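Just below sit the structures, each encoded as structure tokens.
Presented sequentially are two complexes of subunit A, the first with subunit B as partner and the second with subunit C.
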Partner chain A sequence: MKDNKIGMHTFMALPAFFLYAVFFLYPLTKGIGMSLTDWDGISAAKFIGLNNFIKFFQDKRAINDIRTTLLFALGSAPLLNLVGLAYALLMDSKIKGKGIARMIIYLPAVISPLIMGYIWYLLLQPSRGFLYHLMENMGQADSFLNWTAKYSSSMLVLILVNVWQYAGMTMVVYLAGLQAIPVELYEAAKMDGASGIKSFRYVTLPLLVPSIRINVVTNIIGSLSVFDIIMSLTGGGPGYATESLSIYIMRMCYGSKTGYSTAVAIIMFFLILVPVLISMRLTRAKSLE
Partner chain B sequence: MKRKKLVSVLLCVTLCVTMLLGCGSNSTDNTGNNENGAAASDSEAAASASTASTDTATQEHVTLKFFTGKIETIDVINEIINDFNASQDHITVEQEYQKDASNIIKIKFAADQAPDIMTTYEKGFLDEGKYMDISDQSQWWDRLTPTMKDLCTDITSGNQYRVCTNMTMAGIFYNKDIFNELGLEVAYTWDDFISNLETIKTNMPDVTPFFIFGNEAWHLGHLIEFLPQGYIKATYGTVAAETAFMNNDKSILNYGAADGAMAVFAQNLLDMQANGLINADVLTATSDNCIQDFANGKAAMFSNGMWCLSSILEANPAMESSIGFAPYPAYMEGSNAVILSAEDSGYCISSETKYKDEVIEFMNFLFRADNQKKYSETLKAPSAFTDVEAAWASATIVDEVSNALSSATNIGFTNSKPAGFSGDDAGRLVQELLAGNYTAAEFAEAFEYNWDEGMK
Partner chain C sequence: MNTFKKMLIYLCVAAICLLCLIPFVILIILSLNTPQRVFYEGNMFLPDFYFQNFAEGWVKSNIGTAMINSMIITALAITIIIIFCSMAAYTIARFKYKFNTLIFAIMISCMMIPGIINTVPLYTLMIDLHAINTLWGMALVCATLALPQSTFIFHGFIKSLPRELEESAIIDGCSWFKSFWKIVFPLLKPASASIIILNGFGIWNNYAQAVFFLQDSKKHNVPQALSVYFQQFAGAKWNLMAATAVIAIVPVIAAFLLFQKNLIRGLTEGALKG
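On to the complex of A and B.
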């Protein structure tokens, strides 16, 4: 009976395994093979060993792109979690108009990041954008900055727009986690004399660990593989200042460096994998406690 | 329980069978166009399937794919295609437009899904044998102006792999009303050009003397193409310059030199920026911003090609008589003013097409004088065919263009750029320059480094 069940379950897993093999394992192995060649997308590929990987770490632009990608992730992922959690706590409290507020917060998440980028671009344009005209009407036109023309300010804008767009998604996951916490636990904590902060520290946070894990992992992956919001808002510029690794891969691929761009994609895969594994391990240890 | 189990097994089997079916190749596909068509769009797949099925049957009906990146000609080409499709019953032509055509075509070539006809052309693809040799199509070449035929000729082989139906010009658009009001003349030297800009800045503080829409890297790439590379093309001639670009002949290109054309160009740009002669939002301004400012009299000059003429007139139809067109001033010692007079609307045939005769039949129809008249008037570009009389612009603008062409050295596009360093890449380097990340000398060195890397 037991053997029969295993056989049936294995059989049931076949479609999923098939999809996994076709859309993950096959491209991955093919990609690894391609990354060891000098293929330009047209002519015959030549095996060049690890040259593409060595070249990547010697390329100043690539290193700058890693820095930009990491900076974006370091700014974006924690902020997304903090803002999302704050929103969730607010939505879980007894305030009026929660339904509308929740919708307003979540609404940006359903808009395409490309469109979002273009909207913000038009809002922020100096001498022409909505915000400029708003400040002009307030007599503050001279203090309006060209936000997307400088590295530091454009990076800040990118992070804030990303947080503004996806905080709603993070909020939903946290809210689900918060609403699953039994009220009795808070009552017991209150009877034991726990204050609001203590109750949050010793009841809410430990029980939110699964939600934290989901949010941290998805936000790290999303932030490290950021593409569309940067492409539409700054185009990776000025110059290459805000170019992320994903944009670099796309440009290298279109620049007839297909083998090299595949090697960079593999590097990026590990760049994302490492923090994801670390955060999963940390949150797992926390939930076991 | 048993029923649940049965349903589960049936569902699982159905899923497996469906997926395996999806992986199967089209048994009737023998066109060679869609064998590895995993990435093909639905429409492409449908088109291929239709081509294939009819091909194997009786050779009666063929579907040709026409690939373009020219947004401004979609409607007129569709009109001509519809006329062609209705005129006979054995060929159907389908147009596919892609905004990023020059990159999408790379994916199509890599996936063995090359369209039968395409408007994109790259020397690299020619060297890989992706285009058909059309040197024997005398019915086209006999009608084309000799200059245009030369521009369509591959300098390596001396053969023709594309045919261009139109000419385009790029130079400096200026507002004639502003020039007349301030008593300015068209500048042919850099000093005179800067003097004009200074006069505009002093007398019309609300007007941007020279507008650069630096948010769009291609525009900055064009400045490189028309100024420092324009200097090389004008000094050494089209063939010698193209050969130098192709072979990375440093004795001619001289990109990295601190006193070379590239460094001087960079310094001029930095000076213009420092002196407030260009728009302050140079790094974030778009082409639309430029057109709006020029059409509304807020910008006095900008660099662009004739292709933007329809946008200016759309923004301000009353401006037609105020649009002036001038060459790029000479900025290196002993050089001349230059103007782009190049090929436009080039068509290549895939070397892999199985329907050469049908493609030729369609292109003969497309190149008919009446169709080319319609096309040229829509594109607002003069025809390259000697037998096409098209009213592509008003007499005033045609005069402006003729004067500009006769007063400067005519240059073409740089067709032999490195595959790994496109015009957009060059434009992004100019963005870095304008963002203050390079001095002029550093910019020249960076340009040379990137050009060399792109060649590898």
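On to the complex of A and C.
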């Protein structure tokens, strides 16, 4: 065919690329330049080299935000995968009403995480929330822990709410992976004397690697760039303790530290890139075995 | 033993479903209480059936406007995604031009970068373009964030279509461009459906970008309107907050129930091919 003849078809990628270049690639490169300045968003920017990056690592709040972001991801990503896989294994059995159950479990994932955070806040807020009043009703008000006052309990609530909301999403991907495994393989394993845990280890798990890869990578990216749920559930509190890097970037930008906030974004970029590349490498090697 | 195991599975699944639904049930109970309700008296699970909350929340929260805004942003962004990405994927899948390969490589390698990374420089660009507080500006931002993955999904789908489909049309004198719209594009419906569903909810629910680009209360989308409305209460007026939250999630849940079969299929197909 006349592939090489130039025509309209030659330029069909250009509209998409133009949009991508203007609204993604250009700001991305512009951000690198901005990160080397002290720009406040209004007055003339001055080149200050790597000072923003040095400032970042000297700022206690910034270091705390890195810790919070990493802790949130370390809690969320593995837990989401374990819970999602457990749900999927349960739902993979021959039971009635599976479709409805799958729908219900997936439901929270389509709702805005910001709104979901507010809903949980109505439920869990100390001395005002539904759960508090319920305990009060039963004469147990004193044993309600004021979780918003402490860093550890605030983090725990954030992680659990996040896992609650998105377990359905990981479940659906794992379920698709499980259903793609041919039954013959389980039968063959059974003939070889492998059953239960052994067949899970040697048949299910290796064939589930593509699903694991998708879930691990999406959950790492999602949890390291967490924004909405923290905004509505703790607002970053107590103080700035549960503030994530995304929220820090926004607040710095609003605080007229435009140049500095782009430097934080670059640091965050590497913070996400490294675990994503590692997990992709690990799952690639595994799928070849 | 077997029936026992089955019972146990049913019990677990039922418990999980209950866990997923309880917050929504409590939300509805809260939304039906009068402002004077004293919580620790009486049965907490029996609401007052005070429907006035919904009317008041609707009027005061500006959520009606926000829903129309979210609708316009989502529709506009999805239209751009479907048209631009299917076109790009077509030429990339069918013609091995160097710049096609380059464009695809750039998009794929940037696919993993979350939007927040370039939001601040984008914010300054949007000011220069007078795109701040405009629905079209927000739609373009949301569409751009979805470009790589959508192009990728279309690309995989078009690759699986036989080239002969268009070739006979080409012999009849049709151009490649025309034959794409006439022959290939209608066949992309399943891929388009996955992409609409994969991105539709996310664009409707977007907050991390909306907080930057939609600050004017007339241009707020649903999450932005709700967060502004909630912040003025500082935790009081639970009945109104709950009622407004119910209003905010009803369209999403309705859309989910309508499309849930497609959603779960699209999600798994799109995801597993990626």
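Basically, the second predicted complex is superposed on the first by the 268 of 289 C-alpha atoms of A that agree within 3 Å, B and C clash if a C-alpha of one lies under 4 Å from a C-alpha of the other, contacts with A are read in each partner's own complex, and residues count from 1 in each chain.
Keep in mind that, in the parts below, a contact is a pair of C-beta atoms (placed from the backbone, for glycine too) under 8 Å apart; a residue touches a chain by one contact, two chains touch by 3 or more.
These numbers come from a predicted model, not from an experiment.
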Overlay on subunit A: subunit C relative to subunit B, clash or fit: clash
A:F57 touches, of subunit B and subunit C: first, second, both or neither? neither
Contacts of A:S225 with subunit B and subunit C, given as first, second, both or neither: second
Chain touching more of subunit A, residue-wise (subunit B, subunit C): C
Touched partner set for A:T258, first subunit B, second subunit C, both or neither: both
A:I42 touches, of subunit B and subunit C: first, second, both or neither? first
Touched partner set for A:L19, first subunit B, second subunit C, both or neither: both
Touched partner set for A:R128, first subunit B, second subunit C, both or neither: both
Subunit B versus subunit C as contact partner of A:G168, first or second or both or neither: second
Clash with subunit B, by subunit C stretch, listed 45-53, 153-161 or 171-179: 171-179
Contact residues of subunit A, present in both the subunit B and the subunit C interface: 8, 11-12, 15, 19, 22, 41, 125, 128, 258
Contact set on subunit C toward subunit A in their complex: 6, 9-10, 12-13, 16-17, 19-21, 23-24, 26-27, 29-30, 39-40, 44, 80, 83-85, 87-88, 90-92, 94-97, 99-100, 103-104, 106-107, 110, 112-114, 116-125, 140-141, 143-145, 147-148, 151, 167, 170, 175-177, 180, 201, 204-205, 207-208, 211-212, 222-223, 226-227, 230, 235, 238, 241-242, 245, 248-249, 252-253, 255-257, 260, 263-264, 267-269, 271-272, 274
Of all residues in subunit A, those that touch subunit B in their complex: 8, 11-12, 14-15, 18-19, 22, 40-43, 121, 125-128, 146, 148-151, 235-241, 251, 254-258
Of subunit A, residues touching subunit C in the complex: 1-3, 7-13, 15-17, 19-20, 22-28, 30-31, 34, 41, 87, 90-91, 93, 95, 97, 101-108, 110-115, 118-120, 122-123, 125, 128, 130, 133-134, 136-137, 164, 168-169, 172-173, 175-177, 180, 210-211, 214, 217, 221, 224-225, 227-228, 231-232, 246, 249-250, 253, 258, 261-262, 265-266, 268-269, 272-273, 276
Subunit B - residues contacting subunit A, complex: 5, 8-9, 12, 15-16, 19, 23, 103, 106-107, 109-110, 124-125, 128, 130, 214-215, 217, 280-281, 283-284, 289, 419-422, 425, 428-429, 431-432, 434-435, 437, 454
